[in-house]
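Chain IDs A, B, C and D follow the sequence of writing; residue 1 opens each chain.
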Amino acid sequence: MSNSLGKIFKLTTFGESHGPAIGGVIDGCPAGLELDFDAIQQELERRKPGQSKITTQRKEPDQVEFLSGIFEGKTTGTSIGFQIRNTNQRSKDYSHNVDVYRPSHADYTYDQKYGIRDHRGGGRSSARETANWIVGGALAKQLLKDVEITAFTSSVGTIFLDKPYQDLDFSKIESNMVRCPDPETSEKMIEKITEIKKEGDTIGGTITCVMRNVPRGLGEPIFDKLHARLGQAMLSLNAVKGFEYGSGFCGAEMKGSEHNDLFNKDGSTKTNLSGGIQGGISNAMDIYFRVAFKPVATLIQKQDTIDSKGNEVEMMGKGRHDPCVVPRAVPIVEALAAMVLADFYLLDKVSRV
Amino acid sequence: MSNSLGKIFKLTTFGESHGPAIGGVIDGCPAGLELDFDAIQQELERRKPGQSKITTQRKEPDQVEFLSGIFEGKTTGTSIGFQIRNTNQRSKDYSHNVDVYRPSHADYTYDQKYGIRDHRGGGRSSARETANWIVGGALAKQLLKDVEITAFTSSVGTIFLDKPYQDLDFSKIESNMVRCPDPETSEKMIEKITEIKKEGDTIGGTITCVMRNVPRGLGEPIFDKLHARLGQAMLSLNAVKGFEYGSGFCGAEMKGSEHNDLFNKDGSTKTNLSGGIQGGISNAMDIYFRVAFKPVATLIQKQDTIDSKGNEVEMMGKGRHDPCVVPRAVPIVEALAAMVLADFYLLDKVSRV
Amino acid sequence: MSNSLGKIFKLTTFGESHGPAIGGVIDGCPAGLELDFDAIQQELERRKPGQSKITTQRKEPDQVEFLSGIFEGKTTGTSIGFQIRNTNQRSKDYSHNVDVYRPSHADYTYDQKYGIRDHRGGGRSSARETANWIVGGALAKQLLKDVEITAFTSSVGTIFLDKPYQDLDFSKIESNMVRCPDPETSEKMIEKITEIKKEGDTIGGTITCVMRNVPRGLGEPIFDKLHARLGQAMLSLNAVKGFEYGSGFCGAEMKGSEHNDLFNKDGSTKTNLSGGIQGGISNAMDIYFRVAFKPVATLIQKQDTIDSKGNEVEMMGKGRHDPCVVPRAVPIVEALAAMVLADFYLLDKVSRV
Amino acid sequence: MSNSLGKIFKLTTFGESHGPAIGGVIDGCPAGLELDFDAIQQELERRKPGQSKITTQRKEPDQVEFLSGIFEGKTTGTSIGFQIRNTNQRSKDYSHNVDVYRPSHADYTYDQKYGIRDHRGGGRSSARETANWIVGGALAKQLLKDVEITAFTSSVGTIFLDKPYQDLDFSKIESNMVRCPDPETSEKMIEKITEIKKEGDTIGGTITCVMRNVPRGLGEPIFDKLHARLGQAMLSLNAVKGFEYGSGFCGAEMKGSEHNDLFNKDGSTKTNLSGGIQGGISNAMDIYFRVAFKPVATLIQKQDTIDSKGNEVEMMGKGRHDPCVVPRAVPIVEALAAMVLADFYLLDKVSRV
């Protein structure tokens, strides 16, 4: 019931981390889009675990197989099925979890809701699902070819990248393990994560995303405001606790005379505290937003917890886990943003007679 | 296309601030719910402008008329139509805006998207729409009779209510004009707003909302996580720039060993940084979240702007406007939260065979 | 949950026959459509009871009031709310029904489903709802300005109009009480209905609808085939028991070599047993379909029935009812067809990059 | 955009007949349903081509692989992904069609709509898609365990099974190649199809479906009437030209005094011309409906047609095709009916407080 994102450009997904495969159906992608399959696979590589010594050492090949909707390299307008086989799952790593509720995970709530749960690797609640989103997002990016969507790590714990995004060199994002475009800050972040990893602990952080060259008029008033759908998409990502766009929470401390974005004659604005969206609709200025991630709940430390019978037990993470999820979430944030934007891009085509 | 909220308990709305009426249709409200009409009207009174000297002096009677779906005081399971006539609009107040794009309003983007716009009082982008939400939310509250949903002003500009919500006396919220339960803080907030109003300026703020006695199991995995839908609903509210729940943006600065909520034997947790939601599903702990509002864009000051032809013009708000929208938004936040919760409450009834 | 028709061009309705008003919200109508309000009202007049001596003598003024979404005579792209007040309901006519289940009506099933029911005039199950559809359909017709949608009575009981539609003069449809374009047949039909009315009985019939100048490419494969959505819409009409398009049930008796429509060089076909739709998608040939209506269930005769306690009782219709619903359903069939087509017309705009 | 069926119990499908696989996602199946996998596979066997000498000799193994949503044999409440690999497609059979528009197929309209088309075996418009529906329907049947859904061939060309369904022995349906429960009639049908096949021609027919033990209260008023959704589902099936339920088109010839179903004291009815549905809602009487199929468009005869450049060409079917699609469509009709019913079964759980 909740496995679909979008109204026109619509991704419906399935898959548990330790089942035979994950995958999905992309419906509503217009016909005639010539696909760059390498670019899609490249996005999957960016998300993949085991990319660096500060991320989990699980290897997930994440090879997407398209099953339909594409003919001679182009979309045909029919639904695009795809799957990514699960090949490297070590279910034994999770056998100790059969009956244990890991703190701040979804184990307890899934059991309460459904009365049954695939406990292996988190089952449906596993972040493995996000590989599906990468596929959908990669297609969306290709549909929106003139739009640039760039996300990066803007904080790890209390280490903040405190420069305005306009002063950053986005070409440096992929040059370091934390995906922070500022070399000095990225070094500190890597140090911090390395230290945290040694403790068997984890740490939170934030991602900033900037969208440039978004056409005017995307977004629908009232309940499908562009930023509301971006927020919903970002809050769908595991571990996300907050979303803000434009001036965000800082804007709540300001006066109107400071906050208003005055117009230039061409309709652009002198400032952009609005974050590229006014009344829920894009105004062609940069869209930017920030997403807060709590620390990963799985620790390589002993923790007290309970099992499904209410017995107190002690547990310790044994799987291969990320000490900080933020660097790997960067391409996922971009993918979600791209899908939301693609949907509104198509919806806007029916705005006028 | 974007005028509906919810999947089962679904509100579809219409209305411009200066048309004959606003209203909507509530579909999916179960049959047999005995309605308390006074309670519904009472919620509308809480939202109404002109309640105090720090809010706009517009008087909007906001009398809801139910048109269907109710028989002998009970819901019948059929769609519930309602309207609220617009009786006190002074269109002349807005005649100066015919062609002027107010900074940081929706005027420019609506024109870009649709090529036509009802400029009077903001038309469809007016916050008058929120009266419709109050009606939907009031019904939702009655459906969820055991759940307590309480919102309050937690900051105005840089004046913060810095006590944990557990230490607050919610019965005091309605006792003061800013709807802040802490007498000392509320006084400072009122002072601030009064001062801002004198300047013809406006100011932002935040609202915190707490939901108690929410049943376990509400929320759907993946794209309809309970907090993702709450976020989308809150971000639909005019002027909202950010949403966080549980530990929120602070959580992004923490370590996993600090952030994890350890279990008690009964499945409750010793701490509640999760904010009552794990894996997108309620765990019966308190749900709490915070919403950031930018300052109102309409100033009673001169501002430079442009008109639809790109001419530079000077404008000054003449209508009756709020210097701070936050106090009046308190019941709206509750209404939106109630509708989201009602929807998931019904959806959960089909979770198991 | 079931009060909406369409995906983009979407009508959501409410209203009981004896409540204060019926009405609805039209969402997704593109901005900039100049409306002809007289044409809308004219369609309502065509549906109205009391038009002739063979229809019910109830007078329903059916004056539509638009509440939003229209500015200076044009649609603005925002949701269009409307209502039609109920002014002539005589609830007393129905007081004898409080507790009685009328045979072949919805009384029993509504009670079984909801446990509560507005018994007056059939409540939500009343055909009064169709006035809402007329409003939505009238807008859809104006959006589809080049498409001609024409319905007419093609049988009453066993009196059939047995000419191909191509041989009929559609300008004569509105010239007679039964809305049959063939003068000779219409006379027989009127005679039949008059006779049936004298008996206090009712009679069924069929309506044929022809849509000309439909653009190529409307309809979506698989579950939203153009004819499947037309069928669903028609089967939503009270008393409808069957739907067929193109060759219909006769086609099931034919051989492929007889049934196939061979192409002309321009893509048009020499025959049109396909009924203008192939693979669920329009091919620019005429679309035609036929709808079967059972006889009205309310008789002005004594009938044995039961009440809600299971007591056997005798009842007799006292309200003002149609002996044959078919003539009045003609404009409703057109309205539904127009809404379905408008929806696919808009959906098709996003079929290709 | 049109690849989904249902609101709660929702099937989303993908797949072309000559791509790597077809498949889908079943969302909204409640948790805790113990699945009988043999029964699912058995339903696929019933649909499979090559079952008898009067059906196509293509062999499609149709082995379904479930990819998610099931744990230890039970549904978990998460989305159920599945695929059926395409293993026996002979694309060369279709190479002659690259550029040719087959009469009364979807070739021309797909090209007009999308500007691109997978011509092999009909691509997305192939009836191979229905294997996906069988999977969804098989799960739905297991969810509705007390409901009996039985379809059978009720006519082939002009050979009609003219007994009321109550007089038929449903256990004989699967005992003959045409799936007609009456031995005498089935023999005639087989003869007819054999003769037609020899001519390289095809023939239409009808299927009747009966649903017993349907609970009271399923179906939603207005646009989601139970029969309207059944009609939409059946009209989604390739080659279907008509749908009727209860008295159907015959009902249009009757008088109200003949047609009304009088009540027994327990709410059942003495007759059942309503077909088990009143006001769009089931009344616990048998639901029965009839579906009309045109003859298959692919003939093993020469036909004149055009290619995509408008040249006149001659073509002749070379693939392996059914002379009459009706017998193989019998399990598909059941599957569609089961999915519609499962959806309403779940929707009804939220009808009352």
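We adopt the following convention: a contact is a pair of C-beta atoms (placed from the backbone, for glycine too) under 8 Å apart; a residue touches a chain by one contact, two chains touch by 3 or more.
Nothing here was measured: the structure is a model prediction, and the numbers come from that model.
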Of all the other chains, whose mean CA position lies farthest from chain C? A
The chain pair with the larger count of contacting C-beta pairs, comparing B-D against A-D, is A-D
Using mean CA coordinates as chain centres, what's the gap between chain A and chain D in Å? 39
Could you tell me the distance, in whole angstrom, between the mean C-alpha positions of chain B and chain D? 46
Where chain B touches two or more other chains simultaneously, the residues are 1-4, 8, 13, 28, 31-32, 75, 77-79, 113-115, 124, 221-222, 350-352
Listed in rising order, the residues of chain B that touch chain A in the complex are 1-5, 7, 13, 101, 103-106, 108-110, 112-115, 124-125, 129, 155, 157-158, 196, 199, 201-206, 216-217, 219-225, 227-229, 231-233, 235-236, 238, 241-249, 251-267, 269, 273-275, 277-283, 292-299, 301, 303-306, 310-312, 347-348, 350-352
Spell out the part of chain B that touches chain D in their complex, as residue ranges. 8, 28, 30-33, 75, 77-79, 143, 221-222, 346, 349-353
Chain D-touching residues of chain A, taken from the complex the two chains share: 1-4, 8, 10, 12-16, 19-25, 27-28, 31-32, 65-69, 71, 74-81, 83, 113-118, 123-124
